[in-house]
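First subunit A sits with subunit B, and in the next complex the same chain sits with subunit C.
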Partner chain A sequence: MLAQQIVNGLMLGAIYMLVAVAFTLAIGVLNFLNFSLPGLFMVGGMLAFGLMKAGWPFLIAAAGALAAAAFVSLLVERFAYRPMQGGDPEVPLVSSLGFLVLLENLMLIQYGSDQQAFPALLPDLNIRLGGLVIGIAQLISLALSLGLVAFLSWYLSSTAGGRRIRTVAENRETALLMGIDISRLVPQLFIASALLAALAGILFAVNYQQVSPFMGEGVGFKGVAAMIVGGMGSIWGAVLGGLVIGLAEVLSISFIGADVVNISVYGLLLLILIVRPQGLMGRAASREKL
Partner chain B sequence: MSGYLTGVLVVLAFNVIAAYAVYLPLAAGQLNLGIAGFMAIGAYASAFLTNEYMWPMWAAIPLGAALAGLVGLLIGVPVLRTHGIYLAMATFALGQVISAIFLNLEVVGGAAGYPVTDYAGPYVVYAAAAGVVVLMLLVSRTRFALCLTAVKSDATVADLLGVSVRGMKVAAFALGAAVAGFGGGLYAHHYSFVEAQHFNVLLSVFTVLYVLFGGTQTVWGPLVGAAFFTLVPELLRASDQWRYALFAVFIILFMAVRPQGLVTSSLFRLFRRKAEAA
Partner chain C sequence: MALLEVSGLSVSYGRVAALSDVSLTVNEGEVVTVLGANGAGKSTLLKAILGAVPAKAGGITFADADITRLPPHRRMAAGVVLVPEGRRILITLTVEENLRLGAHMRRDTAAVEREMAAIYDRFPNLAERRHMAASCLSGGEQQMLAIGRAMMAKPRLMMLDEPSLGLSPLFVSKLFDLIRELNTEGLSVLLVEQNTGKALKAAHSATVLELGRVAMAGAPDVLAADPRLQDAYLGGGSAAH
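Let's look at the complex of A and B:
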């Protein structure tokens, strides 16, 4: 029973992990708490659903949803991030939230506010290990998430492109003086974080077989919690945080009750912030957004 | 007055009170994303006093506000060790935890909600909101407001000039919490029903949205922002389905053009100059 719940928690954690990594890219490099990411998560799931309903095969529908999320993220960069440079640091929050509201309402107009059933893609195949039941779809998404994060971590630490990103994260002005083309790099980062969030949305839809225009809110906020628990700006911190939050959620549902989820998840976040504000794996804060 | 108009104005009054609860700590540079939690404390505490101890509402609501302020003070001390985005997230988590605790508190009805026996009519609500606005205008002319601006603009310099930065931050945070608790208590007594689900994170986040939209440079910003956010979606009601989408597009474009918010201090200077010229 306990082992099974731990497995379920890790699977849910894989979704939070992707969202947390998306947030951490935006915060760590751009210093921008991008509240449109929960909206892009939802766009991933909802649009994959909508395109499949229109008769597209899954992989093409998923690619379409990812492309749409990347496009919207470019709009977020253009209208929410770029004009705010040099202004009050809280302000981009407002417009990125505006995008969240906009995306939710567009989906609501198109598909209605009800929760919709996402078709089961893989036959109900489960691996049985001892007494444990592990769904194939869940296993694939865990592997995919971990693989992506490992790739991202490698890319940031060992390639020229990664070094450019880290330079911008360290100091924007210096990066500019070093000849880094920030006006090209920033949109690329927006696309990367949008793809991560939208992919998480698609995986969520495939695993839990449901989508709704408001699916991004709960998951998005838990992704932020995961990012902070792990340590802002740290990729592996976001992984650890995602898994911890997923475990905390699943374990408190199964052992105490569904109503206490917010107490345990956000209580954990609050505790971490008071005891160790830089997060489990983060370095001490030297510089921040708000 | 028609029932519809009364309903809209009451919502406006509650939004104005909530906006000032967010504005106070923001004037000292702290983003409080957990305002709904403090509203819940005020709502449940005052409802409990009227229901169980037969307190009159005019005593129960201020006590609920004081209790929310006290919780803000007690929690503010450890939480305000963090700052910037960490503080925003800590208050966010705090708001979630507080409403989840009320959701599980059987003594006030738990998830089923909590009916309130006493009723505050619309005119009481208007008067209370007007009172909060007047109070804030008075506060904005004191030394305290000046200190808050100093702390926001440059905490180090404020510290060197002998302003107790930490004290100011905690005071602004606790006062904001008390204003939120006041609004919550009033809410409970006007709608005669409280449920923990109402005090969710979106309530907190949208309140912050009004305030930033209105602008935080002057004391009028929150009022204008709350009025705009309450009334414009009502005016757009004609295009029912699209109104929130249109509204969101408008916010995005507006903030891109005018990131400082609607009401700024330079706008005020402009008006003053025109008045002098005339």
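Let's look at the complex of A and C:
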């Protein structure tokens, strides 16, 4: 029973992790708390659902949803982020929140406000290990999420592109003097974080077989919480934070009760932040990013 | 042959003119120095040549191509590089990552590795600390790193903005030796300096800026003997310090 709940918790945690890493990219490099990301999470799940309903096979529908999320993210960059450069950092935050509301309502117009059932993709494929039941879809999702984050971490630490991103994260003016094409790099980062968020939305839809226009809000908050608990700006901190929150949520639902899940999850986060204000993997008073 | 040709360049920050009608030439293989008081527009001139601040009027030609409207990364690809004021080492990167950052636009990886090995030969202190955070270097070592990083871009013209600022006398001598060495190896140099005496000695030609305009220009020995320059920057006749 406990082992089963831990597996389930890790699965949910992997989704929070992807969202947290998406937030981390935006805040770590661009210093931008991008609240359109929960909307892009929802666009991933909802559009994959909508395109499958229109008869597309799953993989093509998923690719279409990812492409749409990337495109919307470019619009967010163009209309919420770019015009506000040089002003208050809170301004793009609010306009990105506007994008979240806009996306939710567009989906609501198209598909209605009800929760919709996402088709089961691999319904009968399970691995049984002792008393443990692990769905193949679950396993693939977990491996995909961890693999993707590991790749991202490797890219940032070991490639020329990664060094460019870390230079922009540390000091934008220096990056300009080093010949880094910031006007090209920023949209690329918006695409990367959108793909992470939308993929998380698709995985959520596949594993929990439900989508709704408002599915991004709860997950988005937990993603932000995971980023903060892990340590702002640290990718592996976001990974750890996401998994901790997923586990805490699933375990408290099954052992304490679904009514108090938010109290126990956010209570735990509060406790962690009291003990380690810089987050689990954040470094105190350091300028280290990513 | 002229490598860099700045003609009639004007730059403004808002409504404040930082440079007015500045012209300057760096010939292939030359060291050219730009002198002037604080606020004379020296850093602005280098940033405008790199493209980090836009030209309001005038033109910049590099290697026979008009680069006036190109963004910095395109100018760097053409062979212009800046060692910025205050060095601007990336402290969240290691020493080696800072060097590699200098080569971030290059695709010829084998040559990049060779040149990095050569830079480590030239600066053994950097080699010892290659995997440490760049913040652990001394000021002099950071300046060497900043120059090494600029060399990694394989430039034809290296612009240095007050490289001797804040360095010990020993490192200042090393720095000017290094500039001469790089120049002998074929690199053209545009040097902005406060250390007027040493800069004039190293240079083939010199330009003095005053309030954003060219006040004097010519051969270093002629300028060094000019009473106006002596009064303003050389402390009245002690040109040989």
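We take it that the second predicted complex is superposed on the first by the 283 of 290 C-alpha atoms of A that agree within 3 Å, B and C clash if a C-alpha of one lies under 4 Å from a C-alpha of the other, contacts with A are read in each partner's own complex, and residues count from 1 in each chain.
Rule of thumb we're sticking to: contacts are C-beta pairs under 8 Å (C-beta built on N, C-alpha and C of every residue); 3 or more make two chains touch, one makes a residue touch a chain.
These numbers come from a predicted model, not from an experiment.
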Partner chain(s) touched by A:99 [first = subunit B, second = subunit C, both, neither]: first
First, second, both or neither for A:176, with subunit B first and subunit C second: second
Contacts of A:128 with subunit B and subunit C, given as first, second, both or neither: neither
Partner chain in contact with A:167 - subunit B first, subunit C second, else both or neither: second
Touching partner for A:228 - first (subunit B), second (subunit C), both, neither: first
Superposition-derived comparison: subunit B or subunit C, residues of subunit A touched: B
First, second, both or neither for A:79, with subunit B first and subunit C second: first
Subunit B versus subunit C as contact partner of A:266, first or second or both or neither: first
Subunit B/subunit C common contact set on subunit A: 288-289
In the complex, subunit A residues that touch subunit C: 160, 163-164, 166-167, 169-171, 174, 176-181, 183, 287-289
List of subunit C residues in touch with subunit A within their complex: 47, 50, 52, 71-73, 75-77, 81-82, 84, 88, 90-93, 97, 100-105, 149, 153
Complex interface listing, subunit B residues touching subunit A: 26, 31, 78-79, 81-90, 92-94, 96-97, 99-101, 103-104, 110-111, 201-202, 205, 208-209, 212-213, 216, 241-242, 244-245, 247-249, 251-253, 255-257, 259-261
Interfacial residue positions of subunit A with respect to subunit B in the complex: 27, 33, 35, 79-80, 83-84, 87-88, 90-91, 93-95, 97-99, 101-102, 105-106, 109, 217, 221, 224-225, 228, 232, 259-263, 265-267, 269-270, 273-274, 277, 285, 288-290
